[in-house]
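Pasting in a structure now, in structure tokens, and then I'll have a few things to ask.
Chain lettering (A, B, C, D, E and F) follows the sequence in which the chains are written, and residue indices restart at 1 in each chain.
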């Protein structure tokens, strides 16, 4: 199914009238479903559906050496695959620029907000720490992969239980508490035809070059990423941060 | 040299009359030559020639960490390269689907029959074990690479001597006994025009989509792999297992 | 900018008359500039400009395990990247045949002359040694990358200071002496139209298939590499070695 | 089939560790049409093993020199998601995955009227979300649903399941612990309408009579799988 | 932004560890036209961070199926040389480098009249020679000079610099130790003529008021960078 | 040439560890036409070092943009089989292999009438089965036989062998232990009919007079190799 120019024009025409093709308000998300425990071998997992976009995130624990400069901290790794299943435009192979950007933005949202209790993940200082590996698997791509992925990743982490450990052997039937300190939520705000909007569908993403992904915790703004080829004035950015604050507060209620 | 459609048709026409292009019986192998000690640096090696198909297998020993779930067992690794030398259709690069399937079928024939005395290859439980690395190098491809490779691999293992060890240093001028417990032999049986046949030449392989590689030891059937896009009824499969049993008994005499 | 056939013909016509397009003598280098300390994070670095050809070499120290057969010696690694910046003909990606040959010829010039005091780089025999990593980065390619790279690499090594070490931590603000025992210098001599010449420009390189890179130290000849598809008679080679000896003596004065 | 030592009985009084009898399948779940962007999609779960599959095509095959003038081709990708197994799997194709992709093509191609799509490709992507033995069968079952959901003209559904041997006894549909401690693993795929077996792999020591018995078991399993697949497809109409 | 513990004060009496005030940039150096083979080239240094950039094109884009009929594209490669960092960096693209390449395309594309080059590519290669914080900004500054030096028709120069927060205070242009011990890193790129911000990334905990303050600082920094870039370009005429 | 310490004399009373004199080659074996599928093939053994080679072509060169309108090209692949060395070599191209591929192209191209095959490629694949010093020379000798066996029009056979220096004495054709403990390694390839040297590499410390002496030795070696190659080619007619 190809997104035609006609669809693109209709989308822009609607937005000019502060309307959207699917009848939503400009600052309204599509229907959101969040399901947990979807990957039975993962220590935590979540499937997030936003409209027709579907993303699964799974958390696995492993054991590794700490980084030399943080000998008493566990490690976080976030990876995203844009598998060929999710879109006729995706190809098999190592992550491209899009998938790399997505995983790094999700990673920073979690890392910079200090959500993950990295010190609790130390097993033996300088020798052995837990590695928390979050894999994001895009299943169906109908726009706004970024917000869906960030939501799935943090929900999977919230659900995760830390396994036990016997020497070097990971005991996956044990479940130890593992609580996030904060809940970072991403909201991408775009500007099209002088209007701000959130949760862009695929066709809406095709017609904008100006988006900012804003990640908020309850305690503050923790990460920003302007995306696409456009630009913003400072005042526009401030307005975008404010919009994202409100929307992430709404999204937070869905997972807390 | 390209295999033309004319050749393919002649091959099928012959088989319909229970004959073959090169005058063989349907269940007859081409001439087989087995030469050992061909790779002077390998701990064991064998060159198998079946008709114009030529395959060299070499065994190297190395030292490594055991797998956590089998701390007292050595390791087996089988790898096959379809190097560009063997056929104008082969390209340089990492193993494709064909080479991967071949190496995995040969691997399983050896592994599942428990031919390799893995426990004898433990040096220090949980710490250090011998790795037995079998590399199969296709030299000339005129059909039936699978049976030729399985034969070369097992013969190379039968010839192999285990080196000595001083600390971490492998002493390759020492030769210690290393005996296989069983001798798995593969035979690929195909069905073309309602006839079963073995040891397909390249042109015969081009005209069938229905083959089963059957691996027998004296003590039983140890591995199966249906290959190609066709299918078989259960009774056909039973007949194929029986044919393979007889042919592998013949082949076994050549190498024991 | 493409090197046209006309330019190539003019170059050959000139050389036939023992002249060169840029007015140089046949055995004369273009203007050479050598700048050190150009990469502030490197333990030693040098930028070499020969005509319009520009090459940067940087030296980094790291800590690693020694090779089993040389437990009391540090390790040398030379790597070259023909980044896409230096020429419209270079592409991103792993080093091709040209870059691989260049790095290996530079490596051998340093290694075979025993210029690097590898024994001084042992930290703990059999356990821990310094790795000296020389990276050559081609910035602008106007011919004779080989001689420029060899010069930049050896100059960067001459400038390098060995860092300190505290346990496994490298102390990069400490500077310990690290002196080369010899100074290997490469000179590539080509034969075009019965004339020998050195320091070929890009267009001159396009019209010859017969070059030898000769590496001399004060104490003798340490490395040779015939390059390109042509050939030489023995007497020609002897003459080439002699020419290279004289030119490398000149080049050595620039860096010692 | 790993050669693991198993220290508990897998079979006791004809019952298996999860209470199943010798010829019982695990509980199954099947869905069709679960994705929007794909031309067809399917989901299959067998116990704790589950997979989703998506079909794209028939579409143009690149690079062109791989195109076949007389018929289309089916290309299968089988992949374990990193979180589908105990120790995180590194993304990217494994040797095992490559082989399963190939035997999946062998299992499914003969059931598709490929001659109707000269030069084209049908691409089937199978992703295992959770792996507790039988992944290739579960993936194939999802894949076959996806092909039908995409409206690809087919001679019949392909249904897959494994038989095996535990404690010297042939049984149907091994789950995780049974697979680890088992003696034989025999995954097959079958066109349940014709009884034609299109995937057959076997690891472990056995003989012809036992094979006959295990094949019988597996074929009956495939028939039950086929019913479940058809139910799922009916629901989408 | 790494979460490093820092054990020394980064700010004392309004002065930073290198003596700079809160809104001072490090010393800068800029050059244009430094390479022969490239169609345009630039150099930029900010303190101990330095980068060179080369532009090739507009030229034909391969493979053809990536060509856009209506406009050209800008492709950016950002690379750290192996010796530009403390521990040697392995050659080849890193995840971080890929992301910076992408945001660089986002930062520069809107300033180029790409519609003048349908189907073509402009390739910008940025190499960091020495990395002491602010590498993406310094690379972009060199890159923007290179584009102008290549004669690519542009709507304006893009200039980049970072603000940040150290010891709870917004400051301009973090250097290495400040970056390691800092609380917020906010690199931006801006068209200094229009005030349009075309690159914006931020890591660390902050709020909207502080963002406003840091953006102000960074925008003023970009204006100073723009002057330096223009000086360098003037010198080549 | 590795800088190994050697603790035994390599030369005693003019005799080497295997009894050879200073200018003796190891025993040689050569064959032509050993493979069916290749257009030409060859085998060469020198002591315990042996290689096989296969030629395909002239055939169309892909990708097209690498084609040269005026002449064909020769592409050489040099590969050590994993079991050809003491510690198993991981499959796939090594840096060393890439370089030897390149110098092999340099050694052989000038002996082929490449201008007869505009736009085409001749592909030469050389596989070392057993490596005991001198692998590039042995591979080239097999490769040259394969080219002739394929009927590629040539100006002459290329023959290769190495000279070296052990215990301060120039000698011909180093074997394994001599190579490890030696002071200089000088592999060359030569057109034995014209005396033109088309491959020349040297590692180790030497001077011009010694080079002269070693080149003389190696050239005589090449002449003997050439005889062996020609015998093998005669046998196939």
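Methods note: a residue touches a chain if its C-beta (ideal position, glycine included) is under 8 Å from a C-beta of that chain, and two chains touch if they have at least 3 such contacts.
Everything quoted here is computed from the prediction, not taken from an experiment.
Chains that touch both chain B and chain F are absent from this assembly.
Hopping across touching chains, the smallest step count from chain B to chain C is 2.
Chains making contact with chain A as well as with chain D: none in this assembly.
Repeated interface: B-F and one of A-D, C-F or A-E share more than half of their contact pairs by residue number, and that pair is A-D.
A straight line joining the Cα centres of chain C and chain D is 57 Å long. Between the CA-based centres of chain D and chain E the separation comes to 51 Å, rounded to the whole angstrom.
Each chain gets a centre from the mean of its Cα atoms; for chain B and chain D, those two points are 26 Å apart.
The set of chain A residues touching two or more other chains is empty.
Taken as a graph of touching chains, this assembly forms a single closed ring in which every chain touches exactly two others. Order of chains round the ring, counted from chain B and going first to chain D: B, D, A, E, C, F. Residues of chain A touching chain E in their complex: 69-70, 95-98, 100-101, 103-104, 108, 111-114, 118, 209, 212, 217, 219-234, 237-238, 241-242, 245.
The touching residues of chain D, counted against chain A in their complex, run 35-38, 48, 50, 52-54, 56, 59, 77, 79, 81-88, 91-93, 123, 125, 127, 129-132.
Across the complex, chain E meets chain A through its residues 1-4, 95-96, 98-99, 101-103, 105-106, 109-110, 186, 191, 195-208, 211-212, 215-216, 219. Contact residues of chain B toward chain F in the complex are 1, 38-42, 45, 52, 54, 56, 58-60, 62, 79, 81, 83-88, 92, 94, 133, 135, 137, 139-142, 170, 172.
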